[in-house]
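Each of the next two complexes has chain A plus one more chain, namely chain B in the first and chain C in the second.
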Partner chain A sequence: MQLTRDEIMERLKDIMISAGGGNEQIYRECTEDSDLSADLGLSSIGMLYIVIAVEETFRIRFTGVGMSDFRTVKDVIDYIEEHQE
Partner chain B sequence: MKWWPSEPRRGDMIRVLLGSVYHYGIFIDEDTVVQFGPPPGTEEYGKGKDLKVCITSADFFSCGKIIETAVLDKKEARKRISPEKTAETALSRVGEGGYDLIHNNCEHFAYECVFGVKRSTQEEDARKRWNSRPVLDCYFAVISDRVDVGHVIPPARDELIAATANERLRAERYFVWELLGAAFSRSFGYRMDELDLKLTSCGKWVCSKAEFSLTHTDGLAAVAVSNAPVGIDAECTRSFSEKHGGDIAALADKMLTRRERREYDGSDPEALLTYWTRKESIFKSLVKPSFRPERTESDTKNTVSLKLPDIPGYIMSVHGSEIGALRCYTYRDGKTAAADFEKIGAGVG
Partner chain C sequence: MKEQKHSVFGLKYWLYDFAKITAAPPCLIAFRPKYIYESGQAKKKIRGGAILIANHTGFFDPIYVMLAVWYRRHRFVCIQELFEGKRGFFFRHFLCIPIDRENFGLDKLNEITGHLDNGCLVSMFPEGRINEQQGIASFKSGMILMSLRSGKPVVPIYILKRSHWYERLHIVIGEPFDVKRMYGDRPTLAQIESAAKALHDKEYELSKLA
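This part shows the complex of A and B:
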């Protein structure tokens, strides 16, 4: 079943809360425009962790993705929306 | 494999910690380190687009940090490709593309040059950490008066549902299984057809990939999924009062432990129901054939009782060692959504 952008956003927030270590409020209130590094404070290893969590949760396989391909939450949602089963 | 800040030799795998991730390469000499993309954060790395296997000096590779060299144990040393062959392989791949942060990064490249297979411990560690994170998610749904009972997986459950003579009970049994599918999908990304669901001799459904518990009562279905044993129970307060409102004291005598009988004021049906759901959730988290509520202490740190503002009129309890990670969701029209919940104490209505 294809998920809507809102559903993807909600699941992505769950992932970030699980991965983020105590920044629940920041992740709960983030928007598509939130910058993963500047606004959400994700480090490069945090980004790797989230990308892997997205693979596991949404059952997609990232291909050809670089460290800087995802700047905002929107970039991640766009990728998931395009590649979901 | 251990890592030491020792002098690398030709064909050694080396790494440097840049921020929170390691950058890997194959050392050839002081002027030649072969790596998949230049070190992240450098001008040459740019935005990380179209990265290729490249050569930099060891000084550039280090970015001013300490270079660590892989020290192989005896087993690894036997399995490794010779240092000279490693160096040749690394040099022959300069200019190669196809970089991928997760599946083909600088660590995969360096590991492949030394051992002949791609591997990234950073990827493995992150995946392991994600898959072992504490999970205890509860899903709640109102069962409508009209449920179109379809087929479910596995066939044994499907047969059990089809054989249920009572129409309403058949609908509830079907619906709670549908809810389980939604729960597995949302919490773990699992599809029902890839789970080895089976019925134990105690009448409890289990699968090897995750723990779960089901309950349905008077128009409510609830499911708990976790990566540790879990139990869930829900009861309708109105239905309980109608059926047992006059027998509260007798019921309390039968279901409460001695300590709980001292604690319970003897008149509040909701409080008694809270005790009951807690005990049943504890029992359901275990694989035991018989339930002895009068011997089951409900006041455990791993049990939470709750009410959902979105679905009033029910008391639910969930028990599991990952209770600190408790999250609640509602399920409506095939969609799940995060739900607020109010925790209530044992014995407090």
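This part shows the complex of A and C:
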């Protein structure tokens, strides 16, 4: 089933909140333009953690990409949208 | 821990095994390692997949780590830069795993967990670089994710740097640290950081035994 961008965004927020790596309010209010590192305060390990959770939630595989390929929330949503079944 | 799936002898590893066998006698004579175990459990041989971590104080630390667990082949996690140029030949043939510190990808995490799932021993220095300061620098938490994803334990060891060439090398081997058993399948980021801190504290405890 194809998810819309809004649905992907909501699930992504849930993942970030359950990761518990920062302020829940910031994650709830984040937009597609939010910078993963500067705005959401995600460290490289936080990014990796979220990518693993995204793989499990959306049943996709992140191949041939590094953590620095994802700068904003939009980059992550684009990747999920492109690769979801 | 599962039994190691790899054969003791294999042509695939001939260069690694040859170098290990020929280098072992001079290393044993030069360093005369003294093994200290944290407990009876730490004394048990490491079987199957495991992550071996150690403090990093010098260029020869990988040799000391190999002396600590001499009965296994080690796959060292190294920075990508070491694979460049002529020296790259050495690192490629000595089962090293290159990582890009600036852009660590999930592919690499999967490669490392794949090795662990196959029963390999992955060795690394979680301080991330040679620490020239006193004490032990803070640990990166990547090893915790690797341990969680593979379900394999982390075995901490402490190497006491020799102040004179004639002194014996002291190696302290700690008990295996099972991250999954302590924090569950999906710990929070704070718990992952806490696990890395716990291993750092453990390293300090081991240093007192050296």
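Simple rule for what comes next: the second predicted complex is superposed on the first by the 82 of 85 C-alpha atoms of A that agree within 3 Å, B and C clash if a C-alpha of one lies under 4 Å from a C-alpha of the other, contacts with A are read in each partner's own complex, and residues count from 1 in each chain.
Just so we're on the same page, a residue touches a chain if its C-beta (ideal position, glycine included) is under 8 Å from a C-beta of that chain, and two chains touch if they have at least 3 such contacts.
As the structure is a prediction and not an experimental result, all values here were calculated from the model.
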First (chain B), second (chain C), both or neither touched by A:F58: first
Touching partner for A:R11 - first (chain B), second (chain C), both, neither: first
First, second, both or neither for A:S44, with chain B first and chain C second: both
Partner touching more residues of chain A, whether chain B or chain C: B
Shared chain A contacts, counted only where both chain B and chain C touch the same residue: 18-19, 44-46, 48-49, 51-53, 55, 62-69
Residues of chain A touching chain C in the complex: 18-21, 44-46, 48-49, 51-53, 55, 62-69
List of chain A residues in touch with chain B within their complex: 1, 7, 10-11, 14, 18-19, 43-46, 48-49, 51-53, 55-59, 61-69
Touching residues on chain C, where the partner in the complex is chain A: 100, 102-107, 109, 140-142, 145, 149, 186, 188-190, 192-193
Chain A-facing residues of chain B, complex: 18-21, 40, 47-49, 51, 98-103, 122-123, 126-127, 129-131, 133, 186, 188-189, 327, 334-335, 337-338
